[in-house]
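The next block holds one structure in the form of structure tokens; read it before the comments.
The first chain written gets the first letter, and so on, giving A, B, C and D; residue counts start at 1 in each chain.
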Amino acid sequence: SKVSSLWELSSPGRRVVQTPSSDVPKAELPAQLARKEDADLPEVSELDLIRHYTRLSTLNYSIDTRFYPLGSCTMKYNPRINEQTARMAGFAASHPYTPVQMVQGNLELMYSLQQGLGELSGFDSVSLQPAAGAQGELTGVLMIKKYHQSRGDTGRTHFLIPDSAHGTNPASVAMAGFTALEVSSDKRGNIDLDHLKSLCDSSIAGIMITNPNTLGLFEENILEVLQTVHDCGGLVYGDGANLNAIMGIVKPGELGFDVMHFNLHKTFSTPHGGGGPGAGPVGAGGALRDFLPGPIATLSSNGQYELVQPKKSIGRLKTFYGNFGVLVRAYTYLLSQGGSGLRESSENAVLSANYLMGLVKDILPPWYDRACMHEFVSSGENLPDGIHTMDLAKRLIDYGFHPPTVYFPLIVPEALMVEPTETESVETLDAFAAVLREIVKESKVNPELLHDAPHQELVSRLDEVMAVRKPILKNPKSS
Amino acid sequence: MSYNPHTAEDRQKMLETLGLSSVKELFADIPEAYRYPEVNIPEGLSEMEVKNRLSSLAGANQNSEEGLWFLGGGIYRHYIPSVVDAVLSRGEFFTAYTPYQPEVSQGTLQALFEFQTMVAELYGMDVVNASHYDGAASMAEAALMALRCKPGRQTIYLDDNIHPEYKEVMRTYLSGTKAHLKEGLPGEDGACFITAYPGFTGEIKDLKALSGLAHDAGALFIVHADPLACSLLESPGACGADIVTGEGQPLGIPMSYGGPTLGLFATTKKLIRKMPGRVVGQTMDASGRAGCVLTFSAREQHIRREKATSNICSNQGLLALAAAVYMAAMGKQGIKETARLIYDKGAYAASVLDKVPGFQVKTSGPFFREFVLSCPRPARDIAHELELKGIFPGLALDRFEGFPESDLLVCVTEMNSKNDIDSLAAALGEVSK
Amino acid sequence: SKVSSLWELSSPGRRVVQTPSSDVPKAELPAQLARKEDADLPEVSELDLIRHYTRLSTLNYSIDTRFYPLGSCTMKYNPRINEQTARMAGFAASHPYTPVQMVQGNLELMYSLQQGLGELSGFDSVSLQPAAGAQGELTGVLMIKKYHQSRGDTGRTHFLIPDSAHGTNPASVAMAGFTALEVSSDKRGNIDLDHLKSLCDSSIAGIMITNPNTLGLFEENILEVLQTVHDCGGLVYGDGANLNAIMGIVKPGELGFDVMHFNLHKTFSTPHGGGGPGAGPVGAGGALRDFLPGPIATLSSNGQYELVQPKKSIGRLKTFYGNFGVLVRAYTYLLSQGGSGLRESSENAVLSANYLMGLVKDILPPWYDRACMHEFVSSGENLPDGIHTMDLAKRLIDYGFHPPTVYFPLIVPEALMVEPTETESVETLDAFAAVLREIVKESKVNPELLHDAPHQELVSRLDEVMAVRKPILKNPKSS
Amino acid sequence: MSYNPHTAEDRQKMLETLGLSSVKELFADIPEAYRYPEVNIPEGLSEMEVKNRLSSLAGANQNSEEGLWFLGGGIYRHYIPSVVDAVLSRGEFFTAYTPYQPEVSQGTLQALFEFQTMVAELYGMDVVNASHYDGAASMAEAALMALRCKPGRQTIYLDDNIHPEYKEVMRTYLSGTKAHLKEGLPGEDGACFITAYPGFTGEIKDLKALSGLAHDAGALFIVHADPLACSLLESPGACGADIVTGEGQPLGIPMSYGGPTLGLFATTKKLIRKMPGRVVGQTMDASGRAGCVLTFSAREQHIRREKATSNICSNQGLLALAAAVYMAAMGKQGIKETARLIYDKGAYAASVLDKVPGFQVKTSGPFFREFVLSCPRPARDIAHELELKGIFPGLALDRFEGFPESDLLVCVTEMNSKNDIDSLAAALGEVSK
């Protein structure tokens, strides 16, 4: 049954919130400033409002309901204690312009989180400013830009991006005013060293590397890659999207990365929220640390925490101090897991991915036949004619599973990218593999089952072309 | 405290299946010298211990539930109806991913679709996206969009009423481009002219006049508008705005030390293909059933990569949901009444504080929520003295360049009673002596 | 798909809660005291735990999901602000043995709620002790018992109960050591005055009256009924189960009731919780007030609140001070609604019931053709042969509605008892009536549809006889 | 603040359908003189105002999240894992009715069924019901059940370790019967013998010996057992209990000024038909699918009316759910470890406090969670002095008849750190001077 819109539930005069009675005189509002016609917001009762959103919520797939094997998204469990701590009044009701002496708890939390992230990643300094991974990328690239500028090295106009990269990577370097140059992958899924070398010259500002990369593979030649870029005067940005594979196992800063962002909403268990908020702190070492955006929490010699702007900072990326509520959740997670817990999480994430890859390898062969990290990419090339991985993905919905990421990375034909995360039990992995097996069987004997899937949801596949051709971007019931 | 379900036996079973003896073997691709480094992070704690630690940090903060609170300046203390967190706390919402698979994401999608509709109503605009990081990021993205809309024009003109931190963010964003910021009315090189509504210090400008100036110069007219204020004041859309940005925090979002909040972004139908950020549209399935999808994704980074309108990926989805619940809960009448209450209380506060000897309200003309109070001594000192007594009289504006040290920005919302205001007046009277 | 039990999700060594590390020496525990075999509690991960209960929750019908027209249950909206206030640390983390000077907030709340309930019902004094309606009934009947005893009036061994009464009424008087005597109803659904008079003598301790009664009707002869019982020396207990019809419209205490309980989980919007907790405060007037259970909150002359035991109190019914968390919710509701809001709620509850009764009166005629109060009782007698109201009720589930109360009151054949409450919109009432109409139509053309209903739930009608014959009262998976 | 959706137009429409001109006409059956009385209750407040008022009441209370806390005596401060409230806050649980319609109540039913199973495990009993109002009500109902099981016997024998408030509740319940309470070992007239495990003041008795005494006298053996303690100590079932009652508050339920809590009730298969209260059983539908139902309802008031085993109807369902989530979260290992931690911390506290000059631990032998400390001055005075400093050293036992004024009942849980305990010792040392 269809879900009514808020406006269908409305009736003039119905309301949830009663306005407090006024204890002051009415002021004059000049007529020319006053709104002529009321904004047509809904008019519903509190019960109907709660029912509306309760009902909507049940139409969502979520980690809390089932397994979410979305490659590159790290859909791990979002602990409930994180939600409690972030809602503590001392955090949630604190104002960003409260004098720092009166919010030392906030600053200590920020400082401790900066320290923890730095220790885990091998960077000297961390800024918590960026609101999400993509803003972290922009931050890092702008830092590299300003670094070169500060040295008078102004000819570096290009930025290298592997062909397996997330779309945010080239978009971020473009926003920073660079031209993206694509680097090919080799036959083992690594950056093609020869191609890289052919591209590296004094026009290169840097390279953006996701490692493990989006194929779920650790760059086997990572040290050579870093060396090559550094040799031509470029810097190396690490996209931390896949940090969940290597916590406590290798520190990017020690490998030679110059700057990197963390996706706290992936690796540090903060919820994805149906699209956000995230948090994308950036760590940097060496000379780059002075370019970090601020303010950054520091501990002064008198034991007070302070907020400081790094001396050559690229400036603010965000008002105030980043997505603080997300930082509270991430710090809660850091304390809960501890150093060895984080390492164990990465080990289990990688073990689970390899285990699951092994279970389905005969029907959905991994594109590169290597041990994977926390995710693996298979190809649906061998599926029967006319069956795409998208069909398989949609059919999974009928079995109660969320589709994996499909058609990405772009360099793998009919890609299917699976990331189980460490918080799913082996029983869940087994069940998922069994269903994949069943669907692959169906694809041979009853392909329509896949083409028409999903069958049991409120809506089946939606016409995305029509959505663009005849855009309806707000509820037509309203004014 | 670990969230890993794998028991020792589970790990053993999995390793055996893989023909491995240790999980370490899976990390052979990592250069050996760097593998398994020392990590100086303490052992994990139990939930009880973690909660104690976080409680003690939270307890070390002054929070706005205590004391007399008149501190604003971009983040505001408004009442959050109980239904907001009740909805946000549902795991099906907060543990969901971005709704790329519409068949199993109609909850988030319809909620965002309705969010877009309500913001469009308040702003009087055609199209609203599903959020940016915060108000400043929205404004910066609007400037970048103006540059795309007006190729060849490289100046972003700002009105004199833009929040100083927003200007900092804009500057950072623009450092990736050839464009630059300039304060003043737009010239021929202007891609856009941006004004705030109300301004950083609360005053309400005549948008229609500004719209005319901007358009006459061939620039886009961008209004950074407070969504609550727009329920009372003429909408930016009705005044000719091409783009409207806003900070959605007043719409049911906790202050949370400044984040996460919610960047609002609206534009006209004409400009939709230039707009950054996700947008939800309604369409149909093969059986003619209506449903929502993420649409116009050809603008976005995951499709268009370096040619995208923005790099934005994760946005502030859950906060957009909060704002949706808030707007629906306030409703057509409630939101306007609340805005009116804020307007009236602000006026009352100004009238009372203006009478305190030595103090003078600088803001002339109508304002919303905030006004500038000129103090007989540095505002910073006065604020400091009162804060020690649990009274937060406002924001000393000299923290920002260009403001005199006497200026105090006083914020009044529906949460401040007449008594609170009178007490503030009395306290200021005391401290000025 | 079946829901796994917690034990099916278990694996040895999995856990949610990590025990805090010990900071004290291990003490000696004598071997003969120690448990030999561990209690076989589940061993699951936090994610699996959350999924388990999330999934279970979605198998429940609830006010938050849909209309709950359960007669006699007052399934009104449970406001969210009530949940927030009850969880405030000042309330939720307060200990019952904290010195009263340090919990004046709790006492003031109790005092204010007592005052409000008293004012609304017309009783001098209110005790918040009883944990639920049935405990309130036991309280009132024990008070009446002790009252008679205190006067040396020891021959009063019988208690009158109308034949329309809830089962708790006779059960409560039996628990108090009385013999229940049934009073018939007359043709208009009132207590039969003649029968009542024939029963009233010096053996009568009192009568228990629900008014409006369980037929949803206000006793037309209430004053005569009270007079008759009082004349024979009996006292009158009011079962406040149906108070939702008459708040601000009539005060039972003014009518002459001697003692009455309130169901805060019905009338005062506190949630039913899948079976509880409730709260059943008892109000009393005149001489009976001294017999109330305590402690009761009082305001002393120095402005301090205190806890006091009434002088002739029947004693405690409960440890500490009643279901305090429920009282917080009820007081929140009282403040929200205010006096005129409560009256308006009752008016709307009654208006909605009459409206809905009117909508379906032709197909499901009310057993007594009178204006009803907050609920009405129809009879399914006219349904086709072989169709019972239970079938109709179960078929409602297929349409997304909860069954009304059926087969109660016992005196109405094929009873169907509907209580819409004031918080349901007219659109919801219209939709429910339309479905009833549809089902009655189905009952004629396709009776099997009703007999086999419900069709779409995880389980259909369950074998209750087998449940008793072969009892399985705990999960067989465990030890 | 009203929750009524009916607009003026809605009311008008409904009245018209009914052919009425005013809603007042619907109340014609009410004697006119009493209709529409004056009701002296203030006008309703907005949610913001209500929350302010409640915050200020809550703020006027000392709560156990502040200060050093050693106060127990029947309600205990234990850590509540975050998952408990996350589950309880789901509207589908807390806004559901009693699961009389099993097809649409499998959520509540399965949760209760699993609750019964877990309590049965801890208690070592066959059958557990779906809750009573609190521990005292459980004990009182157990006594009534014993009277039904042993017709002719009219004495309820109590051990000397029963909580004084429980005895008061028992007395009230028994005032409806011909039976009476007696403290001491059971005689031939005993329907039952009730002991507490641990006792009111914490000591752990040898249940097997008491079981023998009770059964030898022909009485039922009833144990009031702490469910947490039972994860560490031999179960009452294994020691021969016929009925086990308990207070479930330690299982994830907030103290909430003493209520709502959770009455636990367990018995043997043999006695199930005598048991009061709801019970959930598993059965099948026509297609053989397993499902849960409320069962054995022929014992209950809504069927059996005056012949029912009890009048109980609403119970503490949501708290049973809380306890279920708690037990599942603690798990087989966690609950035992926590009980052990409590045991160890209690022993440590006793050893430390016993050394404070002037103080002496009176409890001899093993105890769980609580012990009696004899003070050099009235315990009440000492407690009072410390409470003013935010230290709650325990319960002065002279509030109950029969206890000396020197006795302080000290409660130690997993929430008390060694530091807390040492600080208490130091504070007692100070105050005794």
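FYI, contacts are C-beta pairs under 8 Å (C-beta built on N, C-alpha and C of every residue); 3 or more make two chains touch, one makes a residue touch a chain.
The chain list, named the UniProt way, goes like this: B, D = Probable glycine dehydrogenase (decarboxylating) subunit 1.
Note that the structure is predicted; figures quoted are calculated from it, not measured.
The interface holding more C-beta pairs in contact, when A-B is weighed against B-C, is A-B.
Measuring from the averaged C-alpha position of chain A to that of chain B gives a distance of 19 Å. Separating the centre of chain A from that of chain D, both taken as means of CA atoms, is a distance of 45 Å.
The multi-chain contact residues of chain B, meaning those touching 2 or more other chains, are 1-5, 10, 44-45, 47-49, 51, 55, 65, 79, 81-83, 85-86, 89-92, 414. Shared interface positions of chain C, defined as residues touching 2 or more other chains, are 11, 13-14, 17-20, 44-48, 50, 54, 58, 63-65, 77, 79-81, 83-84, 423-425. Taken as a contact graph, with one node per protein chain and an edge wherever two chains touch, the assembly is complete, since every chain touches every other chain.
Taken together, the chain C residues at the contact with chain A in this complex read 1, 9, 11, 14, 45-48, 50-51, 54-55, 58, 63-66, 77, 79-80, 400, 423-425, 427. Of all residues in chain B, those touching chain C in their complex are 1-5, 7-10, 44-49, 81-83, 85-86, 91-92. Chain B meets chain D in the complex at residues 47-48, 51, 55, 65, 79, 81-82, 86, 89-91, 414-415. Every residue of chain A that touches chain D in the complex is listed here, in rising order: 11-14, 17-21, 44-48, 50, 54, 79-81, 83-84.
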